Structure formats: C-alpha cells, structure tokens
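Quick notes on the structure that follows.
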Amino acid sequence: MASFDVMPDIQLYQPVELDDALSLAERYGDGGWVLGGGQDTYGWLKDRAKNPQAMIDLSGIDSLRGIRTTDDGIEIGATTTLREIIRDERINRDFSLLAQAAGRVASPQIRNVGTLGGNLSQDTRCWYYRRGLACYRAGGNLCYADGPESMNREHAVLGASRCVAVSPSDTATAMVALEAMMVVASASGVRSIAAEDFFVGPATHITQMTALEPGEILTAVRIPSKWAGQRFYFEKVADRDVWDFALVSIAVAMRLEGDSIAESRFVCGGVACTPHRLKNVESAARGNSLSEASADAIAPLASAGAIPLNYNHFKLPLMENLVRRAMRG
Amino acid sequence: MNDYKLVGKDFTPPDVMGKVTGKAKYAEDFRVDGMVFARMYTSPMAHGKVTHIDASAAEAMDGVIGILTADDVPAVEAPNGAILTNSPAFIGDPILAVAAVDEKTAEDALAAIKITIEPLPFVTDPLDSLIAGGPDAREEGNVYARSREGSGFRTVKWTKEQIDDFRAGKEPTGEFAAEWKYGDLDKGFADAKVIIEENFVTTGYAHMSMEPRTAMAYWQNGTCYVHGSAQSHTFWMPGLARLLGIETKDLVLISENTGGGFGSKIGAYPIAALPGYFSKKIGRPVQLRVTGEQEYYMGSARVGFQGWIRMGFAENGKATATDVFIIEDIGANATGGDASSAGGAISLVYDPDAMRFRGLPVLTNTTPRGAQRGPGQNQIAAVMAPIMDKAARELGLDPLAVRKINAANNATTVYEEQRGVTSAYLEEALTMGAEMFDWENRRQQPKKNGSKVRGLGIGQGYHSAGATGFDGLIRITPDGKLHIHTGVGNLGTYSFASTSRAAAEVLKCDWENCEIHNGHSEKNLPWNSYQAGSVSTFAHTRTNYVAAMDALRKMKLIAADTMGGEPDDYDIDGQRVFLTENAAQGMSYGAIAARAIQLGGEYSGQTYPDDINEITQRSVQNLAGSGLVGVAKDNLPQEGTIPGLACAFVEIELDLETGKYEILDYVGIAECGTVLFPAGLAQQMKGGAVWGMGMAALERHVYDPQYGLPANVGYHQCGIPTYLDVPSVTRTGAVDIADPQNPFGARGIGEPAMGCSVAALTSAISDALDGHIFGRTPVSPDMIVNHVTGRDQSFLPLQTNNF
Amino acid sequence: MEFATYRNDVWGREVIRGVSWDLLWLVVVAALVAIALHAVYEAMRKRGERPSSSGERVKRHDSIDRAYHWIMAISMFALLVTGVLPIIGIEFAWLELHWIAGIALTVVVVFHIIRSVFFKSGSEMWISGKDLKEPIDNVKPGKYSVAQKGLHLVVTVLTLLVIASGIVMFLQIDTPWWQRTNALSEAMLGVVFFVHGITTLALIGVISLHIYFALRPEKLFYTRSMIKGWISRDELAANHDPQRWTPDESS
Amino acid sequence: MNPQLSRRRFIKAVIASSVAAASSTGFHSALAQDRPRGAVERLISLNINGQTRRVDVAPQEMLAHTLRYKLSLTGTKISCNRGECGTCTVLIDGITNYSCSTLTHSVRSRAVQTVEGLQAADGTLHPVQQAFIDELSPQCGFCTPGQVMSAVALLNENPTPTREEARQAMSGNLCRCGAYDHYLNGVMRASGQSS
C-alpha cells in the first residue's frame, strides 16, 4: 500500500447553473463526485481511496448560495459557507443553535470554505474506513471496527447494523432539532426530505450517510420558523477544542410555556450513524421545568437502548450528562 | 549579576526574518535542474517478507524515471532500520521508491506496482509479546537489549500469572534485561513512614514535526549534495556519509532550516540517504517529499512505558528508597533506551537514599521509536508527580514541601555511580515558582463549583544538559568582521545563534559586526554536538569560548609582535587590541586580521591543533589565509552530570460531566544556570509546556491489535495540541544562577521544559479527582468520565497503544 | 462476464468479495427462456384426455410433509426477497428478517432430514437406475418421477449449501446471542459469500422452474396434492406405475 | 448576463471539452500526458499577490501545488497536505484558505495572497511580520507563513482584536513547537496593543 497525497487525474466541472450540474450528476451517476467546499473530498481523492471519474464543483453556482427568508422561516443554499452562517444576523437571532453548531465545525479555514451542504453530507470518520479499507461501508463484507479487539472509542453505541460508524456532522444534529427540510434536486425533479429522514443508517443504506442517490444534489435547507427564537442548547465534547469531531454532541431545541417545557427536540451526535433523537427524553421532558431536579430525573433516559463496543461505553454517561446540562436552568 | 554585553540579552536571530517572509528555505523548497520527484511504497503489513515485486507496469509509464528497491541499497542487520527493506517490521516500513517527472506520475506508478508480502506474526503491545505463547515482533526474538557490554536479541516470556500480577499492580517477578542499584534498598524501605506502590503506563506517540523528513540529493564529480531536514548539522555528517557509503569529505549537507525535530532528526536517519542512492542510480537529482502519513510511519515516536514503582518516604517527606521496573516499547527497530534514563532522572530529581532500577526493552511492530523531548525523563516525570502528591497527602504535608525536601541541589548524586552534579537549584526554582503562582493562596481557594472542580499541580523536569569535547571555529577578516562558524543545527531553538554570541562576548564584538556561518557544509563548519539532549547551550558556549580565547591569544601575540611588549600587556575592546596602559596604542581587529594573514601559520589557520575533528580540520584548511583563525577543541574541565532542571505550577478546572479540563494558569520556571537568551528561553519553556499538555491529555499511539493497523497517522488523529487546547498565556521565569562549569554559567533547558509541564498536569488531574491516580498518559475525557461515574475503564490495566 | 467480484483485504491483498450479482439477470433470463421453450413444446405436443380428479382418492402427501413443504417454501421466499431486493436497489432493514427466516428454514430442513432418514423410507426419493430408464423406454414412475427426484436432489444440495454458508455468515455479525469476531480469514469469508451468492442464484433458477411446473395444467394435480394431500385413482393410473408405488387407499 | 458569468461559462465549456480527451483513457489516465503540454484549456490566469500569472493547471490541481511547483512560491508550505495543519494557509479574496485543499481552478479571477506578497515594494515588512520578529514568535518556522497569513486576515477584518479573538482566529494553524503564546503576542503587538 503506497501512501498517496497528490490529486490523481480526475475531470473537473465547474458549472455556474444548477441544471448543468444536475445533468452532469445524472450523466456520471456513481462516477460523479459532487462537492462544495471540497473539504471532505480531496483527502479521499488524494488517498485514491475513492476514485470517481469527475468532480462536479457546485461552488460557482450562485443560486445555491445565500440565506433567504421564506414565508415560513429561512432557506439556506447548500453552498452557503459555514462562515456565512456563523456570521448571519438572522440565524444568530432566530436559530442560534445552528450558528453555535457551525461554529464548532473543524477549523476557521475549513469553515471559511466548507459549505452547509458539504458539512451535512460529509462521510463518516471511522478510521478504518478512512484508511481506505474495503469494509461494509466501502462495499466489502465485514466491519473492521467491530471486532473483539477493534479500536472503536469513537464509534456507535446506537443504531449500528454491521457497520458501527457514526455521523460526524455538527450541523446535522442542529438540523434535526430544528426540523429542517432538505431540498434535493435531480434531473428528474425536486423532492424535499425531512432532516430526520435525510440521514440514513447502515441497516438500510450501509454505503451511504444520506438519502442522496447518485445524480441527486442537495440544493438547500429550509428551516421552519417553528423553533425560531426558542430556547436552544448545543454542546460538543471532543478531544481537541478545535479541529476535531465530537465524541458526543447534543443539540436541543425547547419551547417553554411559562417555565415548563411544552415541546422539545433532543438530538445527539457522535453516538449513531445518524443524528440520534432522544425521543424518550423528549416525552419525559414535556411538562417539566428546567431544574437540577428534572435534569437528574430525565438524564438517565438518554442512553436507553445503547449497546457499547469495546472502547466507547463512556458515551453512555456522557450522553446523560449532556442531557443533564441541557435540562438545567 | 554579571556584566555581559551579549550573554543574557535579547537579540534577533538572523534566521527569523526568513521565517516570517517565507524566504527561509527548507529541504523541499530547493529545486535544481533536471530534478525528479520520488515517492515511496511503504509496508501495508505490520510484519512480513516481500516475496515478489512486479513493477513492470510502472516502469512502462510515461514520465517514470526509475525505481529503487532494497536491492539497490545496503542491507541492514535487524533490528536496525533500513533505507529500504524486504523484511518490513512495521506498517509504513519503506519497501521501494519510484522517481518520476512529477509527484502525480510517481504516485500513478506506485499504484501500478504489485508487491507480494508474506505475512509474519506481529504484536503491538509489549505485554502481548511477553506473555507465554505471545507473538514476537521479530523472528530473532522479542527483546533487544543494547548495552556497553554488547547488544543482542533475546526471547523473554513471562507466565500468564506473572503478567496478571503485573497488571494487578504487584511487583513484577518476570525476567528483565537491565538492572542497576545504589544504597541499601531494604533499609530505605524500612526507614520509610509511608510506602507508595503504583503501576503505570505512558503510551508512546509520534513526533509529527511540521516538516516531513524530505530530502533532495544530487552528485557532482564524486561529491554528494544532500538537502536534508536535519536537527543537528555537522553531527549528521559521519552518519549520513556512512549511510551513503562515502567519506565525510565527499558529502555536502545543506540544512539551513529544519521544520522541527524534537529528537526525531538528531542524527542522519536512513531515509535521508534514499535520494542519494536514487540519484546515483538514475543520474538525476532526486527529491523525496515524505507524505504526512509517511512522516508518522518513519518520523519516529516516543518510547512507551509499562512499569511498576515502589517508593518510600520518611516522615518529613524525604525519599528513602525507590524500586522501579520499566518495560519499554521500543518499536520494531529497538530504538529508545528511555527506561534507564527514567531511572537516572528519579535518582537526580528526587534523590532517594537507595534505589534499584530494572528494565526490559520489548520489541513491537509499531513505528520506530526514538529520542523524543526528554526521552525517559519526561515519561517518568508524568508518573512521579501524582506519587509525590500521594506521599504528601499520606504524610499530611504540603506537596510543595515534599518536592522541596527532595529537590536536586549541589549535593545531589546521580545514577548507579552516584556521581555529583555541576550545580542544581531546584529548590530555588520551586520557591520562585510558588511565589509567581501564589501557591499558598491558591491552595486555600474552594475546589468545587457546580460540575467543575479545580486542581492544582506541581511538576518537575530534568534532562542532562551538556556535552563536551567538540570544536569551536571563528575567524576575523581584514574588514574587521567576526565570523562565527557553527555546526549547530537549526531546528528552531536559535541555539546556533545564541551560542555563537559567546565568541562575540569574549572578543567584545558588537553583534552587528558578527556574521554566523551555518547550515551548509561548504560554509566551513566545525565539528559540533547534536542539537538534542538540551546540550547545545552548554556545549557550544564552551566551544565558541575556547575558539574565541584562541583568537584572543593570537591577537595579543600579533599585537606584541607588531607593537612590542608582551602579549599580556594588551587588552581588547571596541574591536581593537591595545596596550593596557595606553589605549591609544593599538590595532583594529581588521589590521590584526591582515597581519595574521601575512604571518600565516597558526594565526591564519595554516596550522591548527591536532586534537580537532577531521571535519573541523577541513574547514580550517579551506579558511586558511582568509583572516585570523581561532580554532580549538573544548578541553575545558568538566565533571559530574550537567542538569537542566525546571518546575511548573498549574491550575486546571476539570468538568466532571464532560471529562474535559481547562488550564487556568501555568507557571514554568527554568533552572538552567545563567540565562543566555531570555526570549529564546521563554520560547523553549512555553513550547515545552505545550508538549507536556499534549502528552498529558491528547497524544498517544493507537493500534488495532488484530490487524496491527495504526489509527492515528495524521495531525488530527495524533491529537497535536492546538491554540485552543493550551492556555492563551503561559508564564515563565528563570532562577539564573551561574553554573561553575560553563564559562558563562549556562546550561540547557529544552527537555525539562516539557517534563515539568506534563508532570504538573498529571498532578493537577489527580488533585482535581481527590487524589485518584490514573497511572497513565494521556488522560483523555473518556477516562475521566468513566472514573467519575464509577465505570470500569475500557482498556486492561497496563494495556498500551490503545485509546 | 465475471462470476465473482474482488476487493483488497486489510493488508491490500486481493481477495474474493462474493458472487457477481450481474449473474442475477442472467439467471432470470435463462429461467424465463427455459420456461418459454418448454411451454411451447408442451403446447405443440398431442396428448390424450386428462385424467379426472373425481372418483376414488389415494393419499400422496401426509399433512406433516405438506406443512413442511409450505413452511420451507415461505421461509425460502422470505430469504430470497430480503436477500435479493436490497441488492437490486430496493433498500430496507433486511438483515434481521433475513436471518430470522434463515433460522426457520434451517429448523424445518433439519426436521425434514431427521424425519425422512429415520421415520420414512428415505429410499422413495433415491434415484435408481430404473428411474433413469423411465424417459427412454417410457415406463411410468413410482411415487416420484425422475424429474421430481432430480429437482428434489438439486434443491436439497443447494439448500444445504446456502444454509451452511448462511450459518457461517450468521456467525460473522452481531446477534442477540454473540458478538462478531472477525476470526474468519478475509479470503475464506469471501469464499463463503461467494457460495451463498451462487447457490442463491441457482435456487432462484431452480425454484422458478419448480413453480412453473407446479402451475402447468397437466401437473396441477400434484400441486393440489401438496395442498390437500390426495390424488385421484385416475391421476394415479395415468401418471404412476402401481407396481412401483402403491399408496395406502385411505385418504 | 454579467461578464464574469459569461467568462466562467466559457471556461466551463473548455474544461468540459477536455473530457473527450480524458474519458477515452479512463479516470486513472494522465491528462497531462494525453494532451500537448500547455493545452489551451489548462492555461489560465491567476491573480497572485496583485500580479497576473499565466499558468498551466491540471483540472485536479491544488493551489498549494501550483504555488510551490509551478510558480516557485515556496513560502507556502505543505505539511499534512490534508487541511489538518495550516502551514499552507493563503488568503483568497482576503479570507484564509488551506491552499492544499483548494482547487487552483476555483481561484481563477480571485485575488490570491501568499506570504511573499506581504512585504512592501521598498522591503518594509508587514506589521504582522515585524511583530512576529519582535516577539520572537517563530521557532522552527515551518508553520510561520501560515500563522502570518491567518494573523493578517484577522487584522484586516478586526484591527484591534482581543487576545481571545486572536486565539480563535489563529486556531486553524498548528504549531508543533508550541509557539502559540508568542504568536499571540505577535498578533497583539501588530495590532498596536501591548501584548
């Protein structure tokens, strides 16, 4: 195995119109690699771990960029950079949860070019998979991360099925919490998918992280005004405080009536192959106030159903602790 | 205080300008006509034998110039690392290289090469190899002991019971390879009021210098020109020449700047010779840019420890006895030797009345190990700090008091031989640090605040910090300029410049009037020490001192010869030599230099002392007749260990719910004799602090034991500390008491600067967790969360190279 | 066309990954063609009156055997659906359904083996020399025609193979009873995947033929007998040699 | 239609036209070898440090590669070549980018600034460079050009950042020597605030 780090020959397209991009995506299908900022692209290609025929660079398509107000909330173009999101006044006012999450992504330089669409559709960080091994996720017939001696501290405690990789995206948790809709276009039309269904697990799609099929392009994300200006909580626990992926993260949106929780969405990152909704926490939280007492009462529900691997049972108490912190006044 | 003009004063080293403008050239910034680019194929297998290489497809490609295999380079005897090998012993062991017109073509060629490797048993954790029936990392054995008496392979196995007892914290009873002791151990423990017994792990981790070990080479009428990434300069020459199979006179090494070394580039490493062989084979200049991943593989790593220690303390906290047993993970190339150094560090820093060290170096199929900033001393510093705290707690003493009563001082004796030290003032350092840190007051502050708890820690670091016997070479030219030739490498400590100022100090030269020649063998450099082991400051203030004294002697002789009187009637200042009684009567340095050229002989380097190294001799020969030459070998008296010492005080705020902690304050105090270059010292103390923070919290090897795969081959996975993982401000100070055995009283500091930091942090973490001792570095958030919530850790006791 | 697909193992060596699923289309097409040809041939062939199903009945299949046949058929069908649909792009959480059905199939097959070996004259399904002569000097068969015996033999072999490889694969995943071990060498794992895949393809072919024959008008009475258990005297006389098979009257 | 768009339309067209040449030989084929060197569709103009440079750029080429291997601007360093270290940081339209992870073709008609472009014509150093010298910020210096560029971008946008703001803004640049403290001192000094 050679260690590569130079981009191999690969065709590049830089369309400036979405329809051009869509026809290219359709034409190349599996062989086409759609990219925005490219920050989760070049490593794969340099390693020659993935070998698409062509890169379809969306960053030149103006219609995919920018934050627009819709009749029900906002629409964020897929190639809007994280930098733009972090600095957007409206998002900071109404959906600070997203701004916070985006602010914890990777490093400043990566946020400067990394796009929302890219961050949402990025591939898992399982180090075995990233090494280019032909595991289930890479179309193989085994999982290296789930052996009796596998080093899987960062891997899944929930929703694993053969593959035990986790979703690395910080903004994905926020999107699920905010009940965002993903707008997906293809040559044959446009469909929109609830964020919760956009992220898919190995039980159904072992080689994909999202519901995007070859030929499809995520064009925008719509965030309904439902949660605008509500109470949010975001926290990401990682080894390093910048430039790292979550061991466990949590994104919470709550609507309070008086001082009791009328409705809430608790979503954990880094624990499953998709952003993981803590539905039992949500239902238990309903009617509770934010207090030490309710925090202690509800936190233990967070890790229900979790099945730890060799090195990651710490994620259970960590999930509970993050819920506890979100439930505090 | 001294009245030096340059020593102890800040200045702008000549290479800083190039660094901030991007003009500073590192190995891979050089381009020469006809240069081609090489890429390496490294072993995908932790241990195996290459049985077949099919490079036909690659060779047929356009733009591919050539292929270099193990058959083209000298074979090396196991366990030593080879330039290229057919018997890879770790993932990433270089097997072949391809040269092409550009890097992409070279990689296309690599992708087309088919290599068949027959797998052999491998192991990634020393204890897995040590246990009966466990695999050996090498066919020759699983232990390789290096010693003066002779080095060799052995196969050492412990019974399962012995391994289990060791894991359980009991004294190891298995076979060991090295032992030394002093004093009466039994009496020592008998005298002890409390005895602390702990086992410990310090996981090895990669150096990951910012500049991968790129090298470029070409041949010109028999001389090999190598642009390398060298931590030391002239010290590299003999090793690199040996690797290339040539004499040092036929080697030109260019290494003006080096993007970090930290011990991984001390001497010439095998891969630095690859372009030389490749260039010879294909007749074109070859540049090998090592990828980041390959830098992880062959950039070497810190030796890991799995050990056990028993330590006795008297009622007043004095260490009465220490018994330590260390298994060291020496990787596949049997490099390291950290364990005995760790024992030596204990004997110096805590100076127990009696001590025994036992060690066993075990081979694993992991990346080659090498000296890494405080090799041995810093691992044990991390282990010792919480033990000192525990002793203090059990004796009801202030942890600071326990450290002070054991602190190294001028009476301290070291190692088996119990030799003395040149000087040591660790207690003064502790006092100074405690004041700056406001230790007393901070201890009174409340500890807990919600889920957050504060922890205070004290750490001590040590490394022997000096070497002797190297050469100094300076020159004064008729234009009156002082030329200081130095073979000190430039790895970013600025020691090549700060030690050069010693010569200017002796000759009372304005710094503006001095020129440093370094980084290129054709600049006629003297034989100098390695830039490691914190030795440069001590060693090269001495070499430049003796060279300057030689020049001074010659100048006075010339003055007396020209102006009459005795040499001793003359004095110097303002770059003039003049009569002490009548300053008006004298000669400028320029005039003296011109005269020296006329006189010839030793004055201008036609003759020179015969005890200087051949490299220095050649340089003097080249310089002969160009001015007044001062050249000498450092034969100044030196006895005893030369300690570089440091201590650190840290306050952390640890969040019990996330396992993360923030470093609220850090104070590091250097005890390195006279401060030579204050800004440079601050840099070393702060950089060392960051390294300690990385070792304490983040950095470790992770290997999948089933497949032998490394998990962390990049900066992100290696957990290199970032701006946000270390405090925004780190405070430093220095004791600044002159050492009697250096003409300027200076000693080195680079390594202790890190040891005190990692120790202070393990101490602070233990303090925050009510004295819990993890006995392991790094301590990661998952470990803390598991401990706080009363869960088992995921790893076996003493397991290493794991998360 | 490739029969197998390949991948690199953990150390970059090429190992077999499994069967090439392109073969699936080949198998489907081949089966349809065979069916079509046979249908045309049968259509052109002259044949006399079809025996009446009315009148006296004789027993052909015990209820327990019928139950066995249909349970096996259902689990086999479930296995094919859960195993093949995801491969042709219809994605759903198939894995647990698949191994649960696999367990069902394994249980009934084991039951059937035990029953036919120890409690029935296993011989009734053995293919003897006589059987082989049936087509040539067209003698009427005993209880089962050589074709039926042949089909049974093929299905038996394929089923045993698919079960055996399936069990090995089952051991390679996490289940409520054990955790995966990755103990099997990657090369061997690929072979197991290949066997499972290729036998699956063969079963698809054979079963589609079986279903086709079961639905042929002149053979429909066999299907009825597999549901209701009986055939009529007429049918018996028309299709079987009473010398070689004398079913017990009572039904 | 605005001129920029039409120009990009044109460039897209020519890039697309190169597919014919490439696709026939499969995606591992070497475009560079398939077509005559300097083939027109690869010869593009880059605005580097205020100068227009014509350069032959492969479709998949990374900016760091173009700078170092084609334009001899070796001040921009390559270390991890993965966007994990920051030594290759350059400014594109004033914003910090990892040039090892930026397609050269995506910076056509955008202003690229590298460490070589900071010094004034008369050789005067950029305040950040001067401050880094005065504070002895670099150690080995390999990460320094990247640190300089991040600091320059910060001060362009926020001339008087707090130390914490500086720390956040610089956090995409690793320094293995651990000179962070001195770099921050340098940023504060360059911003005219005592460090």
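As written, the chains take the letters A, B, C and D, and residue 1 is the first residue of each chain.
Note that contacts are C-beta pairs under 8 Å (C-beta built on N, C-alpha and C of every residue); 3 or more make two chains touch, one makes a residue touch a chain.
Please read all numbers here as calculations on a predicted model, not as lab measurements.
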Touch-network distance, chain C to chain D, counted in steps: 2
Length of the line joining the C-alpha centres of chain B and chain C, rounded to whole Å: 71
Separation of chain A from chain C, taking each centre as the mean of its C-alpha atoms, in whole Å: 45
Centre distance in Å when chain B and chain D are each reduced to the mean of their C-alpha atoms: 32
Intercentroid distance (Cα basis), chain D paired with chain A, Å: 28
Of all residues in chain D, the ones touching two or more other chains: 28, 30, 32, 58, 81-82, 84, 168, 171
Chain B residues counted as touching two or more neighbouring chains: 44, 104, 108, 111, 291-292, 706-707, 709, 716, 721-724
Contacts with two or more other chains, residues of chain C listed in rising order: 10-12, 182
Chains touching one another, given as label pairs in label order: A-B, A-C, A-D, B-C, B-D
Touching residues on chain A, where the partner in the complex is chain D: 5-16, 20, 31, 38-39, 42-43, 45-46, 51-55, 57, 59-60, 83, 106-110, 112-113, 242-243
Contacting residues of chain A [partner chain B, same complex]: 1-9, 48, 127-128, 131, 144, 147-151, 153, 235, 237, 239-244, 247, 310-314, 317-318, 321-322, 324-325
Sites on chain B touched by chain A in the complex: 39-44, 92, 103-104, 107-108, 110-111, 113, 291-294, 297, 451, 657-660, 697-698, 702-707, 709, 711-712, 716-717, 719, 721-725, 780-783, 785-786, 788-789, 791, 794-795, 802-803
Sites on chain C touched by chain B in the complex: 10-12, 182
In the complex, chain A residues that touch chain C: 1, 133-134, 139-144, 146-148, 150, 160-162, 203-205
